[in-house]
Amino acid sequence: MALSTLLISLLVTSVVIYFISKVSWRAGAILNFLIGVFLISYVFALHIGVTSNLGTLFGQKLQLTWTHASYYFSAVSLLVIVSVMLFAIKWLDSQKYPAAFNMFILMMTAGSLGVFMAADLITLYIFWEIAVLSSMLIVPMGKKESRKAAVIYAVMSASGTYMYLYGAFLAFQRYGTLNISEIARHMVSDPSTGIKAAIFLLLASAGIAKSGIFPLHTWLRIAHGNAPDAFSAVLSGQLVKLGSYVLMITVAAIPSLRVFGNIPFYSGIPATNYFLIALGATSIIIGTLMAIKQDDMKMLIAFSSVANGGYILIGIGTMDPMGFEGGVLHVFNHAIAAAVIFMAFASVVYRTHTKKISELGGLIHKMPITFLAYLFAIISLAGIPPMSGFISKWMIYQALVRKGMFITAFIAFFGSIGSFLYVFRPLAGVFLGQLPKKYKDVKEVPPVMWIPMMTLVVISLVIGIWPFPVLQPIEGMRMDYGIAPTMRIADSSHWLIKGFSGSWNPVLVFNLFIIGFVIAYILYTMFPRPKKVDLLAPHKEEGAPINIYTGGEYIYTPELYHYNTKFYAGFERMYEKHPSWEKVLEMLAKFFHDLGEWVHGWFFRPSPSAYTFWVSLTILIVFWVRW
Amino acid sequence: MVAAYKALFNLVVAFFLVLSLEGIGRKITARIQRRIGPPWYQNFIDLFKALSKHPFSNGWIFDFGVLMALGGTMATAMVIPMGSAFWTPFPNSDNFFVIMYLFAVGALGMAMGMVGSGNPWSSIGVSRALTQMLGYELPYLIVISSTIFHYKTASIHKLIEMQRGGWNLLVMPLGGIIAFVSLMGMLGKKPFDIATAPAEIASGPMTELSGKYMGLLHIMHVFAIFVEISLFVDIFLGGGNFGWYLVKFIVVWVLAVMISSVLPRFRIEQMIKFYWGVPLGLAFLNALFVLLGWTL
Amino acid sequence: MKERTIWEQIADSFRSRSIWMLHYCTGCGAMELPPTMTARFDMERFGIAPMATPRQADILLITGYLNTKTLRRVIYTYEQMADPKYVIGFGSCTINGGIYFDSYSTINRLDYYIPVDVYIAGCMPRPEAILEAFNYLMEKIRKGEADGWKRYRENYDWYKQNQIRSLGEVYVHDEFHE
Amino acid sequence: MTNSMSNLVKILESFNPFVEEIDEKEIKITVSPDKVVAVLETLKANGYSHLSLMTCVDWIDDNQLELVYILFSWEDGGKFLVSTRIDRSNPKFVTVKELWPVARFYEREIHEFFGVEFEGNDDMKPLFLELWDERPPLRKDFDPRDYSRKKFPDREYEKDVIKEAKIFRGEING
Amino acid sequence: MGEVKLFFGPNHPGMHGNFSVHMYVEGDVVKRARPLPGFLHRGFEKLMERRYWYSNIALIPRICVPEPDINEACYAMGVEKIAKLEVPERAQWIRMIVLELARIANHLMAVGGIGGPIGLYTAPQWGTADRDRILDIFEALSGARVYHMYIVIGGVRKNLTPRIEDMIWKTMDYIESRLPDYENLIFKNRILHSRLKGRLILTREQALEMGVTGVGLRATGVEYDVRKVDPYLFYDKVDFEVPTATDGDAFSRVYLKFKEIPQSIKIIRQALEKMPQGDKVNVPVSKGSALRRIVPKGMAYVHIESARGEYGFFVVSDGKNKPYRVAVRGASYPQGLYGIEKYLPGTRIEDVPIWLATMDVCAPEIDR
């Protein structure tokens, strides 16, 4: 099956799925999942270099190609999407519009695959809009606030997209082609730095908006926080990666080191890249600081997505072989980790109907598997071995230290340790501690919901121990883009990952960990067996106090003895009064919102479909101006 | 196979060295406080006594957290080189960042297990401990990064070999001092023992520990001290034979104990402000010197 | 008394050399603990150290009189301590009520409610007496005679019945303890 | 009686008090219950702003409870003991927590130990005692020895220690 | 939701004595606090009604453990006031010396004790060890370290021998020589400044409204000391100053205690010099009649300045051989109950032990 046929048939199928789902949404969901499984097998079977034509627009061929990058990004995306599709088979019964969800998620899959396959800027744009629109229509299926979230999502996304479109036309006007590799070739020889930089930044702005990089990150928290719970996994795990893909295309497919070689800024990195790195670093700071003080667990991980988007951008932006590979590998790690975390949260919300950390607690007693999934996901997200998250962070650090970028390194370290802090908050507040009395009848989610989580966790663990299957396509990608093609980082024959300053052996590290654990376990079993303290005693028997250290006093209400509000109060206090970017951006957002309200009042009836109309109108206007 | 023996030897040295040093530290503190103090082997007795008791377990995550803490820290201690390339168990994997992040497994396990005990005092202690990490790790990582940039290697045993010409402490004295200040925070010595402050939060994370859990976490703490001080000794105090390594280790420990015994503890945000003030500034200054090549 | 295995003997000798006491000032006898702990008498040289919570502690010092309100906390605390655990009763108040024999709120004898391993006479006991008591307790532990925790387990019903007789209920559930 | 104190006593004449001089600097003023708050207000306005103690005495023979407010002046070092007597069988009085916030706790304590109700002070939870099941303990008709015997058993000695002590003291011959 | 209930005590390492504070915290900020006293309640006021006037001397030191002599002095002075007993002059001077020694002992413990909540563990070690020297004087004087039962109705129990006088002189010199060490270890420490300065501020209005006395009040800038305002014993005949501070924060409260130590030493030295010689230190009563002694009808309130503030006994006699009613004003009653409820909300968890230490919340005298 040709690539174009695949995509178009997917789009058609999505409509079919809608009607099937109208009859039985579960059948639609299962069908969706089967299609997803097929897509995965299809993607793994494809050969690099396959191309196919989609049609012609304004004399330009719209083309799809299958590259290392397409392979890698599609595989990661599909892993996330298919897991969510499996998860949704059960989860959808808590939703109001399952049929539409089924349709849009498949449509969105098609759109994202199209983005990864696109060989030229306009194809990329078309599929981009398909993906964004369909995802945007899923977002308001959540609660009431979600409507507003969808609007903000749309506005922010559109502002990035239009800049991208403008950049694309600027490139077309100057070089007469829309094909990415053609543009890259032309740009290398183009003497005008200003126009090159303009094209570069305009194209990148779509990625900046989509992956929630500062200053266009505010939508991310709102959209991810308010989207339907399982869909947040897709949003954060997969859709954000569209942005990373576009950023990678702009920075790497257009060889920025050579294109902007005339404006080196620091340590051989051009000013344009450095600008992106600075944006990424700012995102890390904002994302980390804001995530630490969130009470809404989904908002918290949404902010962590901002920070991790920053890591990816920093890694890719250095254009160092280590940094590039680290950044691209981080796409995989963050996708898996964020997807698992959001699915775990969706499970929690599915059972308890709240996403406020301060209202939860002690769910480990009731949902141990969800807890384990979350635990391993955060180990990966915080970048701790033996999960895969560490490898990418290690590579990014290597690049930063090698380049001597100490301030950026400082921010990266800050984000890394900060990630410890914020991922621990839901762990402590939601899963550990005391179980509130109202949740005493909560049960573990059914296997259909935890199997996808555990699968992703196992994949992440395996990749953490044996990362070479993922590193190989990334190395291929690096060769494609010509970043230090002779250097080999993954040395699978010696089980080593080599950096500029030494190497390490993931298998050995994992084994050491196992050995340490075994010794600890032997020590543990050698000494007297413990008596169990029943933390659930107040639930089982009326009038039984919580039998842990209380200073000798008696307490019978578990939720009063569970520390989950303002967990890092001492640290939060340090920056609660500082003028924050968040507030400035909120003001900006409010301004845009007011403006939107005004425009809204003049032109629109309140419906998302109006957006579709305006998009098409804008496209027409833009095209009309050009021609 | 030789590597495995060396790793095992690491654990044995760490256990006996640090436990006796802890006892000696208690003795030194006692002398400063004008008393006699316990015998130097008191901590061995304390440890085995704790292990022999019949403890309480607050659920499986409590057990798992303790095991993860001990296992992760032991794994880290096995990678640490002890003062020379010969005493490096795994020359291919002694990368600094690997060690730092492997070390975090223990911290995470401990935090998880202790919060899993369901006690809010533990939670407060853990939240303080994690916040503290944000304070002391940053200057430390910047200093070590500049060291790595200077010597172009992150491999600890290579760093040791590179210091043949002169100790790193003398090559970049600023960095050495900052790293020592950070080391005090890592060791949880006063004024940075906010996480376990007994008068405030009832010994923080350890609140619910009884019997062998206390013992196992004590062992974990022993290995953690070994890792932290060894890293400092290896990176800043140069190489030498095993005896020299021990001497340096003891000197660093005694210095830390003596400083800590006459200082009260900070409040949590004071500590962050302290580390993000002068030490972080000096760490960046050190990095700037390294970039400019102004090393001694 | 049952024969101890060799492991128990070793464990008991360790336990006798390292006694962690609970930092709980139940009564006025706690006033002589600071001198005992600090530079002049320095009980740390015997391996005795204060500990913050009952989970960590080996020994509960009942420093003097106990009123009913405190006795509830003491029983709760004692039950939270890990075996083997020991109790030292300070002063005459724990033996027979001492000077408060006719008080409406203080108990008259401690071993009616929880088992006591060593009593110290006097009001209040001097630091030397406290150290002597600790030494005596160490001796008892080494010989395996300090078996209060076993007695509490074996005669649990008797102790519980006594506690309920004097206290009404052991666990308070009122507006201060929701 | 110092000058300033005698001036104050003159001001207080209107409340028709019974004045008793305990000491040069300590004066007891007994007034009827309805005038106590006014007297206290006057004294507080005239420098006697420190409530040293508020307590109660049980005059069981008169079937009365005496409430005593002890006021102290930081300026001239004088003390006023303002006292009043209320009915013992149905003890009720008004609160002075508006004048001295700490009086809330004194009143709570007096309620616990003497059973006096203070109108206007709704915080009458037990303060020192827990699960108390007898009459208020500081009333004269409460016998702590009986209560202690009933609740807290004494140690039974194998030897007759009292007899031994007497032998030791030489009071009887053993 | 959101609030966590934490128990600060009774069994908490930061708690002095047996006392409980129920805190509702959000983050690390105390939102509401509720004191729960009564863990040391022994019913003293009832027990004293059941004992003879003279045998109560054995009972009352137990009311306040850190500084027991004030109880004896207060009670004895109250009974003397009702019975209009003349006390020998030398006994009055000796009482003053004993009270000031007790004040130094308590202050040494408190100044060192501030090291407990903030983690400066060397300070309590030194403070307690130096306090032991004063306990040695007491031991020589009365035979007991803590509960001396030395001040009795009508005087003091035993005369002050020249050997003990010599001992007091030497100990005062020793403690004076140790003071610079404390200054260096504790009060010149920048970290301690950052912990205590500007924390837990009590303004003068708040302090007066609450009824706080002692250093808590004097730290707000007023010289309100019972020894100056309402002199008892011979405090009007000795020359001493009452140190004050204006900040009203935790640091000035501790520092004032430290600055009172030299003043007490000064008073003791003056008393030793001005004291008349002689053997008459009490009103002799024979053994039997002491127990059956009748005190005439009457009531009296006697207060003295303890190390923690105004400490008072209200004694009522109905003309029998037992007190009719004795009520005790604990010096830390206002700050221990009302102060915790009113002024702890808004502070941080780590400030709670500092409040308890610097405001001298002493559980036994609150509970009695």
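In this document, chain identifiers A, B, C, D and E correspond to the written order of the chains, with residue numbering beginning at 1 in each.
Keep in mind that, in the parts below, a contact is a pair of C-beta atoms (placed from the backbone, for glycine too) under 8 Å apart; a residue touches a chain by one contact, two chains touch by 3 or more.
Bear in mind that the values here come from a model prediction, so they are computed numbers and not experimental data.
Steps from subunit B to subunit E, taking the shortest chain of touch contacts, total 1. Relative to the centroid of every protein C-alpha atom shown, the closest chain centre, again from C-alpha atoms, is found for B.
Placing every chain at the mean of its C-alpha atoms, the farthest one from subunit B is found to be D. As a whole-number value, the distance joining the C-alpha centres of subunit B and subunit D reads 60 Å. Computed from the mean C-alpha positions, the centre of subunit A lies at a distance of 34 Å from the centre of subunit B.
Put simply, the C-alpha centre of subunit A and that of subunit E have 64 angstrom between them. Between the CA-based centres of subunit A and subunit D the separation comes to 71 Å, rounded to the whole angstrom. Shown for subunit E are the residues that touch two or more other chains, namely 4-5, 10-13, 15, 22, 28, 36, 38, 41, 43, 46-47, 50, 125-126, 129.
In subunit A, the residues touching two or more other chains are 548-549, 551-553, 555, 557, 560-564, 567, 569-570.
Looking at subunit B, one finds that residues 33-35, 52-56, 120-121, 124, 198, 202-203, 207-208, 211, 267-268 touch two or more other chains.
This structure has the following touching chain pairs: A-B, A-C, A-E, B-C, B-E, C-D, C-E, D-E. Only residues 24, 53-55, 73-74, 76-77, 80, 171-173, 177-178 of subunit C touch subunit A when the two sit together in their complex.
The touching residues of subunit C, counted against subunit B in their complex, run 11, 14-15, 17-18, 20, 23, 38-39, 42, 44-47, 49, 51-53, 55-56, 58, 80-84. Subunit E makes touch with subunit C in their complex at residues 5, 10-13, 15-18, 22, 34, 36, 38-43, 46-47, 50, 58-59, 62, 65-66, 109, 124-126, 128-129, 131-132, 135, 145-147, 364. For subunit D in complex with subunit E, the touching residues are 22-23, 25-26, 28, 49-53, 55, 57-58, 68, 70, 72, 74-79, 81, 100-102, 104-105, 113, 127-130, 137-138, 140, 142, 144-145. Those residues of subunit A lying in contact with subunit E across their complex are 358-359, 550-553, 555, 557, 559-567, 569-570, 572.
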